[in-house]
Amino acid sequence: MAVGPMKMRATIAGGNTDVRVLMTHPMTTAQSGQPLHFIQNVVVKQNGKTVLEAEISQAVSRNPVFTFRLKGGAKGDKIEVSWVDNKGDSNKIESAVA
Amino acid sequence: MKRFLAASLLAAALPLAAQDTRKEIQRYQQMIADGSPVELFELEGETLWKKPQGPRNISLEKCDLGLGPGVLKGAYARLPRYFKDADRVMDLEARLLHCMTTLQGRSREEATKRVFGNENEPSEMEYLSAYVAAQSRGMKMAAGTSHPKEKEAFELGRAMFFHRAGGWDMSCASCHGEEGKRIRMQDLPVLSKPEFARPIVATWPAYRVSNSQFKTMQWRINDCYRQMRYPEPKFASDATIALSTYLAVTAAGEPYRGPGTKR
Amino acid sequence: MKTTRRTLIAALGALLLKPLAAFAAWNEQAFGAKTAADALKTLGASSPAASKDIMIEAPQIAENGAVVPIEVSSSIPGTSSIAVLIEKNPFPLAGRFEFRDGALPYVKLNVKMGETSDVRVIATAGGKHFAASREIKVTIGGCGG
Amino acid sequence: MKALFVLGLIPVAVCAQDVQKVLQRDFQPRGQATMDRVVQDGVQRVCTESNDRPPAQLAKQLEADQLKTIAFPQGSLIGDWKNGERIAQNGRGGQWTDAPGAAGGGSCYNCHQLSPQEASFGTLGPSLLRFGATRGNGPEIQRYVYGKIYNAKAYNLCSQMPRLGYSGTLTPEQIKDLVALLLDPSSPVNK
């Protein structure tokens, strides 16, 4: 199944970097009768360095939207967010801080 | 001074639970709008807008939404409106269908096979509506009102809004006719009044968090008639366009803020 | 024969090249726990101290349990991770966030809630665990048709 | 449709017949929702044309006709309030997405407050909290509640309340269970 798009906006707010990222993913739970299919890991990198690692479950809503906050940072910093799901599918997006 | 005092006493007398509930529901609505994945649907819509399709293998990039072929900026805010080439008032979905059949050479039957999607597979109309509507963000809504057929659509829409029929003797006004009313926890805006119609029409089409689906105005009208125990309105028929014309004209002047995020 | 051998090698090669991240850590036991207490035990945070320095920003009433927006942050010095649990969900642990140097102990996310429940947030700092919780009412919106 | 408007001039206001013709052209049957549902009966036509404010004399006549449509069962009209609560919570019944013959619901909580435990209630209709506790549960009030649920238009011609029995959405048994929910002293509504 083709992996859906991601969208990210990283901006400087109050001296820190706010990273808002949207991920297309069904995040199906066993209750919905379909097989479990959800994002398990999310990694956030700032200028190549991993600054945040998350493990999440199918309790996160469909088409997840996260906001993370990184210390300091400046315009042009490279932010990369990637995810991997329980089927091994993955996607990532990279953009510069606006 | 006394009247003011009495009024504030009266306001305090309202059961606090009811006041809090409404305030909390609005806070919930604000928070889901902030954290909404609706932009993902705009992205997919852009891909579809540019994707060559149909027997003629052409994209929709030359589709004229009323401001000239391929002009997207502000086009949605001016719909529904009269289109000379079709001699008909059209809303966004009717116009997209027109371009699919005329530009791409697709049959109406194929293009309308699946106009309402589901959470696993949104429809073309839903993705395209998200993308096109987003290009009117911030622009004042101004549906067509000058052409005789636009006036006709508005009058028909208004009459439909108050027309009682169907298995439960209902009209739109049965639920959207009295201020301050709710169905369960859902506030019911009086859509026949500009001040209540504006914030609503300005946020359709919309992403519905309750079922993670992106919904269009044609779906909204279709699903209301389903719950009013009517038979089904035909997709993009004059009746549905008349009703959305009535709502859009009633809401005219409001800056478009969609695509929205709703319960 | 040759072609089948070549395709076999190619397939094997593809498997090895699968991004290593695909097999990253995921705490099966904690996420599989059916009660908040069990989840916390596997995280080694069985008896967290109540703390007012954990902020939970969430609506008191959610019109629908499919998307409940929650904003969490910790002002406990040295907070290295935050866990979010939905008490009454079939599997309470919803997510664990580890903050390396560079990331502030803050996250905003949407979670699913099966019914009205407490949302419990556990912050870990200097090896110690702290907790805060907030009830969120989940109602049925709409005409239920 | 053309006769509908004097071309070029401001269109003549659209009357109920005109709307009905449009619905008959632009709607289609689906599931149990057949096209006869867009053909207005007297109640729907009078309420539409009078904007829900029918002339008193005409309203009285039509309400009397509607009253005749109610077949009151014999004996007690109080059923099982527990089942009544389920019916009140259930918003289905009569839609094209509902299987014909499947048990429908009354959608009562969409518009009314009933049991105090249910916080998600509507306000289109009056709150029915403690209805039985304040009105008692003798034969007259049982008959009024049963009749009102079966055909609300017999008591108030242009009421927004659906004619739940007359439209076939609810069976007499289901209506008796709702009567119990409202009047039975042991119902949560009356606690």
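Should a chain be cited, it is by its letter among A, B, C and D, assigned in written order, with residues numbered from 1 in that chain.
Keep in mind that, in the parts below, contacts are C-beta pairs under 8 Å (C-beta built on N, C-alpha and C of every residue); 3 or more make two chains touch, one makes a residue touch a chain.
In this text, all values refer to a predicted model and were calculated from it rather than measured experimentally.
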Between the pairs A-B and C-D, the one where more C-beta pairs touch: A-B
Centre distance in Å when chain A and chain B are each reduced to the mean of their C-alpha atoms: 30
Distance from the mean Cα position of chain D to that of chain C, given in whole angstrom: 46
Chain A and chain C, separation of their C-alpha mean positions in angstrom: 13
Whole-Å gap between the CA centroids of chain B and chain D: 28
Of all residues in chain D, the ones touching two or more other chains: 95, 97, 109-110, 119-120
Where chain B touches two or more other chains at once, by residue number: 21, 35, 183-185, 209, 212, 226-227
Junction residues of chain A, two or more chains touched: 61-62, 64-65, 67
Each pair of chains that touches, named by its two labels: A-B, A-C, B-C, B-D, C-D
Contact set on chain C toward chain B in their complex: 58-64, 66-67, 69, 71, 108-110, 139-145
Touch list for chain B against partner chain C, complex: 20-21, 24-25, 27-29, 31-32, 34-35, 183-186, 209-212, 226-227, 263
List of chain C residues in touch with chain A within their complex: 18-19, 21-22, 24-27, 31, 66-68, 71, 73, 86, 89-91, 93-104, 106-112
Of all residues in chain C, those that touch chain D in their complex: 137, 139-141, 143-145
Chain B residues within the chain A interface of the complex: 35-37, 39-40, 43-44, 119-120, 209, 212
